[in-house]
Every structure is written in C-alpha cells, then in structure tokens.
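In the two assemblies presented below, chain A is common to both, partnered first by chain B and then by chain C.
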Partner chain A sequence: MAEVKLPAWLKEARDAPCLADGKDSAPGFLEKNLEGIASFFGKMVYFEGYASKKGLLQAVEPRARILGVLALVLACVAASGVVALSGVFLVTLAIALLSKVGLSALIKRVLPSFLFTSVLLLPVFFSFVTPGEPIAGFMGIYVTRQGAGTAFFFISRVSLMASLVMLLLLTTRQTDFFRGLRQFLPAFFVTTLFMTFRYIFVLLKVAEDSTLARKSRTFAKGSLRESQDWFASRIALILKKSLSTAEEVSMAMASRGFNGKLDAIGPARMGKKDLLWVGLAWFVFFLSLGL
Partner chain B sequence: MHIPDGYLSPRTCAFFYALMLPAWYVSSRKVEKELKLKEIPLLALGASFAFVVMMLNIPIPGGSSGHMVGAVVVSVALGPWAGVIALTIALTLQAFIFADGGITTLGANSFNMALVMSFSGYYIYGALAGRSPGRPRRGFASALAAYIALNLAALFVAVELGIQPAIAHGADGRPLYAPYPLSIAIPAMMLPHLLFFGPVEALGTALIISYIYKTDEGLIKRREGLKPLWAVLIFLIVLTPLGLIAAVTPWGEWGSSGIKELIGYVPAGMEVLGGVWKGLLPGYTFTFYGAGRGASALFYVLSAAIGSGMIVLIVYLWGRLWPK
Partner chain C sequence: MEKEIFTLEGAGFAYNGSFALRGISLTVKAGESVAILGANGSGKSTLLKMLDGLVFPSEGVVRFMGSELKEETLKGGFLKCFRERVGFVFPEPDVQLFCPTVFDEVAFGPLQLNLSKDGLKERVEGLLEMLGLSNLRDRPPYTLSSGEKKKVAIASVLSINPDVLLLDEPTNGLDPRTQVWLFEIMQGLKELKKTFIIATHDLSLVEDFAGRVILLDESHAIAADAATPKVLSDKDLLLRANIIHEHTHRHGGLTHRHSHGPYSTHDEHE
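Up next is the complex of A and B:
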C-alpha cells in the first residue's frame, strides 16, 4: 500500500484554535434570517392556541367578530378625549378576560408596539418640542404638562388599537378569519389573500432550507461580495419557485374545472348573540364620537 | 415604513382608502386583462414573494445586515400593476394576520409602498436602463430606481405624519395623532432613509435584478412602454396652476423676506448667498412680460413644462451617452 503523504501545512501545530471553535460572535445575516423564519412559524402556532379556548370572542361567529372588533378599533381612532379612550380600554380589558386571553400574553404581544411608540414620542414630553407648564426638569429642559398629556394619550391610543387587533388574531383561526373576510371583501381578493397566506409558508420553507444548507456548510465567514451574491441568488431562486408554482397551481386549477368564478359556502346565519355583540360594539363606537 | 394604527387621523385614513380604491380597481382590471385565468395563483405567489423579500436580511458592509421593502424588485419582476396588487396583498396580510402595520392605515401604507414605490421604481428603472442595457448600467439603474422610490415613499410617509398636528388637534391645540410637525417629521424620516435604508434598498435591488438578468432573463416581465409615465408627467404639469391658488408660500421655499416675516431676522449666510443665482426663469416668469394672473398661470405651466422637458432631455442624453 502506497504511503500517504500529508502536506506540510496539515502537519503544522498551531497554537491558535481553528475558526469553528464555537466562539460567540455577533449573529450574521444567516442567523438573523433563520431566527426570523423560526419566530414566524412559532408565532403561527402560538396564535392557534387561544382560538380553541371557550370564551366570549371565540363563541361569536367570525364575521360578527371582525365587525365588532373593527367598531372598537374605529372607536379608538375617533376618540378625541381621555374619557372615550378610557371607556374603550375598559371594554377591551373585559373582552380579553372573558375571552380567556391572559393579560400577560396580550401585553407581551403589544409590548413591541408600545416600546416603539414610547421611544418615538420621548421628545414630545419635553419643552423643546411641546412648550407649556413645566412639571419637572433640569438644565433648562423641562417635561411639560401639555407634552406629557399629548404623549400619554397618543401612546395609549396606539397600544389600545394594537391590543384590539391582537385580541382578534389570538381568538380567530386563520381559516375562520378568511371566511369572515369573504363577507366584506371581493371573493377574488380574499381567495388571493388566502392563497398568499398558504404559499408564504412554502416559500419561507425554501428560504429556510437554503439558509440552513449554507449555514451547515459554513465554518468561516465568507467575503461580503460572496455573501451578497449568494443572497441575490436565493431571492432569484424564490422568485423562480414562485413563478413555477403559480404555473403549476393554475394548471391544476384549470384541469379541475376552474373557470375564473369563485364559489364559496355561504356564511352561517348570525345568531342572537352575534347580533348582540355587533350591536354593543357599534354602540361603544357611537358613544366614543360624542365623548 | 409601515404606519401603525393610531398615527393617522380618521380623515387621513379615509382619504387614502378613497384614493387607493380606484387604484386597486384599475390594477385588478389591468392584471385580469393581462393574466386571465392564471391571475389568482400568480398574484398570490407574487404577493408571497413580496412578503418573503420583506422578511429576509441582506448582508451589508460592516458585518451588519438590513431589511428591504423590495417593491422595485416585485414591480420589475411582475410589472407595476401586478406589483400594486401583490404588495397590497402582502401589506394586508401583514396588517390583519401578523399585526404589522395598521388596519385603519392600510390605505395610506398601500399608497406609499404599493403604489408610489411600485410605479416610481418601475418607470425610473425603465427610463434609466433603456432597451438593452449592459450589466453595469442595469445595476446602476436598478439601484438608483430603488433609492429614489424608497425615498419618495419615505417622503410621503413623512408628509402624512407631519400634517397631522395641523389637521387634527384637540380644542386646546393639543395634537391628537402623530404629534410632530412637518419641520421635524421630514428630517427625522428622510435622514435615515437617505443615508441608510436607501443605500440598503439600492444595494439589494441591484444585486437581485442583476443576478436574475444574468441567470434567467425570462423571469422578468417584458417592460411596458413609457406611455403611463408620460401621462403622469402631463397630468402633473396640468395640475401645476393649482399652486397659484395656494395663499401661502410652500414650506421651505421662503425667500429672505419670508424668513424675516417668520423668524424676525435673516440669517447672515442667507443674506450673502440669497439672490446670487437668479435662475433661468426667475419666479417662474419671463421678466419682460406683465405680471397679470392669467399670464402668470400660463408661464407657470410653461416653466413646469420646460423643467420637465429638461429632465426628459437629461434622461434621453443619459440613454444615448451611457455605453450599452
């Protein structure tokens, strides 16, 4: 058997550990993308959990649920005073409790929106943006009563609206949601919306697989140019996959007799409790207009 | 770029929904005509593609990464009309299913990201790239188109937010919605977009479009003529006399006297430099002509036409001089 000759560089003893030694480094774009995709898939599972509980919103027909929450969202937009906004807040709190959505879960979901708006509104508290009656301050910069009032009101409105939308999402299965939307929007639009929702998962899986494949073959950071070329090639791959899948789906639809017309199962009749819910929600909306 | 619920007044939200309804209608009719039976799967997959592009991070210099809107990639790949629909669907899903963006602000968000970005990016790219561009020119055209389109959309967002204190406030003058006036909203929105997000969008778009052309040109929709661009340009020129109806000086266009009226004095630097360059058509009028209102309107339109003509000439010369 011939002697195997190892190259000199392989026999060299090096003091420094190799690059793939598990050192912590800042996450690159691959890690961020994988994290983003995983959190997206996780969020979907998380949403479904609350929809199967027996609560107030879950008991209402999806169409009525959307209509009612929409009324409350509009009440928030229309509210021009603290009284109206506080009223909608109390109603939202009651709905969350009766729908068995834990407050901690709701706060956790709304927290990013709250923090983003709070940081954005920080300068509004101070006299250099909102002149007025000083409350506290140092070195000539004051928090003004008017500034604090404006900022609190705005942050409350934005957080409350985010909470209402989140309540609707948490308590509604996606299929029910699209069925409900079909009553308000053209069938063409809702079908496309539903199909988009389904294919996002397919395309994200393609993105995840290719990112994971690259990460598992990476032991040193590539050059920026090479990483960017790889990124562009993956987006092109996803575009190619989108167009080829669209072609296949349209052929599958045509071969099953699809002629461009969309027929769907008609909506279930709204019961008394559904109508009562819609009536109460819109009552809150009209009340908020005058307060 | 996504405006959340609660930032815009009901009047603004209603205005943008009303503005987008005909745009959505025309887009869906156009798409229906072009795509026939295939429209639903193609639009759905196009929207899914738009969604995924928005989600992914692109590697940028300095070891960091950033997000892109991807509207120009989508509109160049699918065409501007299908781009409007695909991006609207992606934005609707983000608002309704993932609570990103707002339900009441969906009209405004669609206007900024689906309509403005899609159309401006598509036609700027078409005008700059010409018929059969070489690789460097295509890369440059797509980068510039993405950069301008994103900043144009950001400017619209800034104006939408910045006008809120003026149009929606409480009895005591307290702003009820986005509280920053235009003087703060515009620089706060534009600086990061001009300096950071714009270059990221430009880089990402150029990389993707160049790659697609290099490997599989068939993925890109055949470009439409520039007719719609001319229509928009003519429409804007016709609208320019509306500026004469406005009683106040446009924001940021004050002369020295206007500045003095507003802040009580004229900054020294402005006094020195002000009036050095009179312009070819000072005050948008020919100085030898009388200052009648009708004549002013006529010359205002003429000035706009000359200005637009100069832009067109620059774009034309650009197309002739840049090597294919």
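Up next is the complex of A and C:
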C-alpha cells in the first residue's frame, strides 16, 4: 500500500490555550429534553423495582392481574356518579398500598395523562361550551358549576384509569405482561406488539447516538435550515434502520423455522388466590353499574 | 514536558442507578497514544463520550487543558475551542453521517471554521483524495458500504484538523485491507503528534499502535494503567479482565491449554 501523504493544513498545530470562560449557563432546551425522553423510556423498560417486591398484585398470576385490572378500568368507565368513582378510587389506593407501589412514583407517571386531559377539557369549564350557573368569570366568559363538575369528573375518571394501568405495568415484568396478554389476544398480535416494543428501544438508541454524534461535530451556531436538514436526515435514517431491521428479523425468524404460525407454551392454571382476585375485581365492576 | 490534555479525578458515571464507570483517575498528555481495553460493558464507550463532553460525570471531575468539562461550562468560546481540537469517531458510522453527500459530510466541520470558499473546497477535496474517496464525493453516505462509511466518518472528523482523536472500536467491521489503510493513516497522524485515545477489542492494534493501555475491568474501574508491553504480557490480568480467554483442546494424543490473543502460548501441556 502506498505511503499516506498528509496535507499541509493537517500539520498545523494550535498553541493557544483552550479555557472555559467561567460563565456557567443552563443546558439547551432541546438537548435536555432529548436526554430526558431517552432516560424516561429507559427507566420504563428497565426499571423492575416494584415488580420484584412482595405485594398484592405481584402475588397474582399475570393473566389474573390483567383480568382484574381490566374489570377495574371498566368499573371506571361504567361509574356514572361521584360515589361509584370514589369507590373505585379507594380500591385503587388500597391496591397501590398493598402492592407497595409508592404514591409519588404513581403520581409522577400518571401526571402526563392528567395534564393532557386537563388541557383538552379546558373549554368544558366555560359557559360557551357548558351553559349553567356561573361561579367565576372574567370579561364576559364564565366558569359554570355544571362545566366544572363535568370536567372534574372526566379528568378524575381518566386519571384513575391511567393509575390502574400504571399499577399493572409497574408491578408486572415486561415479559410476564406480554405472556399474560397472549391468553386474551391472538398470539400473532401480541408477538408483533412485543417486537415493536423491543425494537423501539433499538431505534431510540440510534436517535440518541445521532444526537451525540452531531453534538460532537458542532461548535458554531448553525442555521435553522441546517438543523432542519439534520432532523430530516435522522428521520430518514431511522426509517431506513427500521425497514432493514424488520427485514433482518423476518429472515432470522424464517431461518429458525417460523412458518407464519406462532405457538406458545400453555398457561399455568390459575390458583385460588388468582380466582379470588379476579372475582373481587369483577364484583367492583358490577357494583359500579348499580351506583 | 508535554502538556496535559485530559485529567480525570475520581470520575464516575451512573445511568438509571447503576454505574457505567467508577472512580476513574488518569491523565493523558499531548501526543500520547492510549488504548482503552475492556470487556463488553466495562465502560470504554462511556469513558470516550465523557472525554468528548457528550456525557458528564455524575461524580468526580474531568478537565480538558485545565478547564473543567461540565454541562454548564461547555458553551460559547470554550465549546468552539474544544470541538475544534477534539474529534470523535463513533463505532457506528451511520449515526455520524447526516449530510446529503459525502462532500457535504466532510465539509460540515470546516464550514463552521469560517474558511474561505476556495480554502474549504481545497481542504475537502484534498482530504477526499488522500483517503481515496474522491469517486464517492457526490454519493449520499447511506448508499455506501460499511468500510466506505467508516472512511467518510473518519474524513468528516479529520477535516477540522483535531489535535485529539477519540476512536471507538475503529477497526470493527472493517476488512483487512481497510484495517491496514486505517492503521497507516493513524500512524501518519501519530507522527504529527496528534493525541489518540482508542477504545478497542483489537489487541493487535493495541500492540502495534498504542504506547499505553488503560484496562477497565468488569467492575467499571481501572484495573491497570501502564505501558502497552507491560499490560499485554500480564496474562493473568488480561484473563481476569476478560480480555483473553483460555481453553483446553487436544491435538492427537497431546492436550493443550492456552489463552487466545497476541500473547497466547502453547506452553502448558499435560
């Protein structure tokens, strides 16, 4: 191989010192949020702290856990009054405490759905959407008693349903959750869901590394156009990666004998405590219908 | 005496509650060629990212030419100076290449140096010529082979003429000819007193290129920091750090037990 000839500019040495200017500043908004999202998803997948604790939900077989939580979610949907919803709230609170799930951890995870629903329902508070008895107002726009009641009830219902689902996810290992789900949904659907979930994190790692790679090569303020181009190229990269990964996974499955039919090991029989849990949860559901 | 480029004092990095690196204390001087060796998951890549100011220590301190590298200080003039002087080649070239063509990719760094149009063109084309990439100048990087992508990734970093090169698994996935090509480029840059810090599993690269080895063990701490021959000749240390392995097999009536790696021997017969 011919000897490498290095250009003259590559031989230029820098002698000036490279010093921090002593001024501290906050990290960039986008950067901080990207890291936050990656860390949030990472925690969601890898954090199994509550699933390994000895508590009420953890003691129940995953299939029974899903059936029970489904009954309680349906109870939230069926609850038409404050009494029924408060009852489901108390049951949820008791389950959280008995399953040793910290309330602050639960609230932190439910908060996004609470905020999202609240923003969506904001207009419902006001007289132009829900006419009724005014309780507060400003410049001719009033919050009505009926509007506030409807919005609070709906927000509470959604938050409660999110809490129940979060309780299920926090106390169930990812593999157990999908194994449980397999008993109620077609195997093909659950396997596809599991693989989607699995590969989202592979692609998230690509996105995170891409951000770091750009950061390591950027030292001047770029133009908006340049940032847009970079963003578009990363979307293209992730699309390309997801297509090639799908093709490779499909070939790997074919090479291991996959013929379009998915068989699974049959579930273990539910024990007495599992049946008791399911029975109680569905009792709460039927109770909510009557209240 | 050569000036200190990086100084780490008890630096550690925790991710989701578990440590990827612990209590790392070391100094890298200008012109050194340092290899970071370690088993999978020992923290080699995290250490390189920390040296490139991409992640910041959750304990201890990392300094670049005397200034602390942290999220709050790596801004403005210091950020520009730091990024001009330190280049990082990622193990996966796809994440590093984001411009529409190979030419744009190599020009991305120099464009930020405010070079004249002619100076920029001369620099990029000279580099493409030197690295044998001229025929690919108008190709989109995603259409290239893995070896070509790696070459473009290296070109994109070299184009800003960094003083320090951080290379994460540089020979991974390269065919033998491209490995030799890369070695020759690195050797040429080493003669220009560039500082190299390489994370790798490639013991032959370490033996031929690096003057010093930092060995990370599976507890994510430094197990050894010494001259390359000293570390690579310590078979027990390499076995403990899971860099080489040992096995027993038979040749006819003779049973051998030996390690794998550049210092493997067939001297332990039964």
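Some points to look at:
Following the convention adopted for this analysis, the second predicted complex is superposed on the first by the 216 of 291 C-alpha atoms of A that agree within 3 Å, B and C clash if a C-alpha of one lies under 4 Å from a C-alpha of the other, contacts with A are read in each partner's own complex, and residues count from 1 in each chain.
Keep this in mind: contacts are C-beta pairs under 8 Å (C-beta built on N, C-alpha and C of every residue); 3 or more make two chains touch, one makes a residue touch a chain.
Note that the structure is predicted; figures quoted are calculated from it, not measured.
Residue contacts after overlaying the shared chain place A:V165 against chain B, while chain C stays out of touching range. When both complexes are overlaid on chain A, the residue A:A78 reaches chain B alone and has no touch with chain C. One of chain B and chain C touches more residues of chain A, and that partner is B. In the superposition on chain A, A:R269 makes contact with neither chain B nor chain C.
Of the two partner chains placed by the overlay, only chain B lies in contact with A:R157; chain C stays clear of it.
In the superposition on chain A, A:M253 contacts chain B only, with no contact to chain C.
Within the superposed three-chain model, A:K240 lies in touch with chain B and with chain C [touch as defined at top].
Once chain A of one complex is fitted onto chain A of the other, the partner contacts of A:K54 are absent, as it touches neither chain B nor chain C. Comparing which residues of chain A touch chain B with which touch chain C, the overlap comprises 26, 43, 229, 233-234, 236, 240. Residue ranges of chain C in contact with chain A, taken from their complex: 15-16, 49, 52-54, 64-68, 71-85, 87-88, 90, 92, 94-96, 98-100, 108-109, 112-114, 123, 126-127, 130, 142, 156-158, 160-161, 163, 177, 180-181, 184-185, 187-189, 192-193. Per the touch definition, chain A reaches chain C in the complex via residues 1, 3-7, 9-14, 16-27, 39, 42-43, 46-47, 206, 209-210, 212-220, 222, 229-230, 233-234, 236-237, 240-241. By the touch rule above, chain B contacts chain A in their complex via residues 4-7, 9-10, 13, 28, 36-38, 40-49, 51-53, 55-59, 61, 63, 65, 73, 77, 85, 89-90, 92-93, 95-99, 102-104, 170, 172, 174-180, 184, 203-204, 207-208, 210-212, 215-216, 219. Within the complex, the chain A residues that touch chain B are 26, 28-29, 32-33, 36-37, 40, 43, 70, 73-74, 76-78, 80-81, 109, 113, 116-117, 121, 124, 129-130, 146, 149-151, 153-154, 157-158, 160-162, 165-166, 169, 174, 177, 181, 188-189, 191-193, 195-197, 199-200, 202-204, 207, 224, 227-229, 231-236, 238-240, 242-243, 245-247, 249-250, 253-254, 258-260.
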